[in-house]
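Quick one: this structure, given as structure tokens, is what I'll be asking you about.
Here the chain labels run A, B, C and D in written order, and each chain numbers its own residues starting at 1.
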């Protein structure tokens, strides 16, 4: 049994700091008990979310900050990324795997995020920015826990 | 010219998270322009200071936090480590290189910190804990800047 | 990331190693492919065997290289994507865009 | 950190690689040396050639191993500390405690 742990990181909106967050998330995932590939998947999902927060959320303005929290217990890892931007509606973003989008040189970040973690939640925080929460279970994902993988299942089980 | 950058990290008092901070500090040092060995030296100094904050400051109590800030500009890197402990008087710590202490299995951390950065400052912060500030210059240390390496020189030159 | 070029007949094999990520590997990839196109070499085989992973910026740069090369009547093909890189190409359906080979000789004769 | 033992006559050479740091390498070092002492082998040569760095916990464990081995009338000696590890030993004056060799054969005959 791994006791719960967490780290929180605050960075200015600079792409060159993305690797710092990637590595920190990967390490916490390893500590939490994910194998090498599982930890890389978590890190890649956090990475993409942080890149979006830096570029789309904060417009690469180094005076704006991105806050990242990664916490894990023996059941799951949760990462939260908050920017200071205007937010967005994820349902309005185009499907990068549609044939008319296949040759676009961007638009694949959210797809990777969704592929690499079990749950993704988006929330506009008034006076703050966009908050994106990622959850990855240590076992077989939420279906194994018998909740049908509904994206709000985690919300009900954990206190915030 | 490297523009200024910074990261801030908060961790519970767990030794297994020391590597996360080490790696983050090393990366910021690399970004700031330190070479591989210089970045490792910075990371080792931050590492020892964080280990002390976790063990001596916070007594490994996972409910107590260690706050780390690493910031760098084109002139120097500064790391600040704050714990929630009672503090200590560094001048009261024994010299680990004295022959009667050579065979002790601990007591070498501060020596390494002092060896690997140019300036070390200790400060008790009321209601908070011990704050240790490390400064490492990108060039030849404070002497090159003509201030005789006085430990308070940095204080006067930078706004907080 | 590191990139080195081997010219074999009219094909340029680019051996890549490391990760192709935003602000680092993607820039190396862009510059390497642009260098080849500038010197008139547009039959390009990217050897991905030693690429550990890519992020969305790396995948985007791969597509950008493909498009720039097509404009010069050439082609970018892929050799031996590793497990993680293969997953990424399949997930994003980019495997439908790129001709991908496991064997270098087979790839070379396909141009 | 990784540790593997080669027994050469009455000396055990421990090839270490990686970093000797708190909670990880220091534990491996302690357990490896304790294992040797438990099986009656107390002439120990730690090969530090592939150790990249140590922290104060790693240095402390080195001293602890030295003391435990001395109690068993044995000795811990060091082989080929790398640049950074050498600096650490010199800084802490532990080079005065440990007999240190550059050549394995020379080290072996010194026991």
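Definition applied: a contact is a pair of C-beta atoms (placed from the backbone, for glycine too) under 8 Å apart; a residue touches a chain by one contact, two chains touch by 3 or more.
Quantities reported herein were computed from a predicted structural model and do not represent experimental measurements.
Shared contact partners of chain B and chain C, listed by label: A. Mean C-alpha position of chain A lies 30 Å from that of chain B. In this assembly, the C-alpha centroid of chain A lies 28 Å from the C-alpha centroid of chain C. Inter-chain centre distance (chain C to chain D, centres taken as mean C-alpha positions): 46 Å. Annotation: 43 Å between the Cα-based centres of chain A and chain D. Listed for chain B are residues 16, 19, each touching two or more other chains. For chain D, the set of residues touching two or more other chains is empty.
Every pair of chains in contact is given here: A-B, A-C, B-D.
Per the touch definition, chain B reaches chain D in the complex via residues 15-16, 18-19, 37, 40, 44, 47-48, 51, 96-97, 102-106, 108-109, 111-112, 115. Note for the complex: chain A touches chain B at residues 3, 5-12, 14, 16-17, 19-20, 23-24, 27-28, 31, 62.
Residues of chain D that touch chain B in their complex: 21-23, 53, 55-57, 59-61, 63-64, 66-67, 84, 88, 91-94, 96-97.
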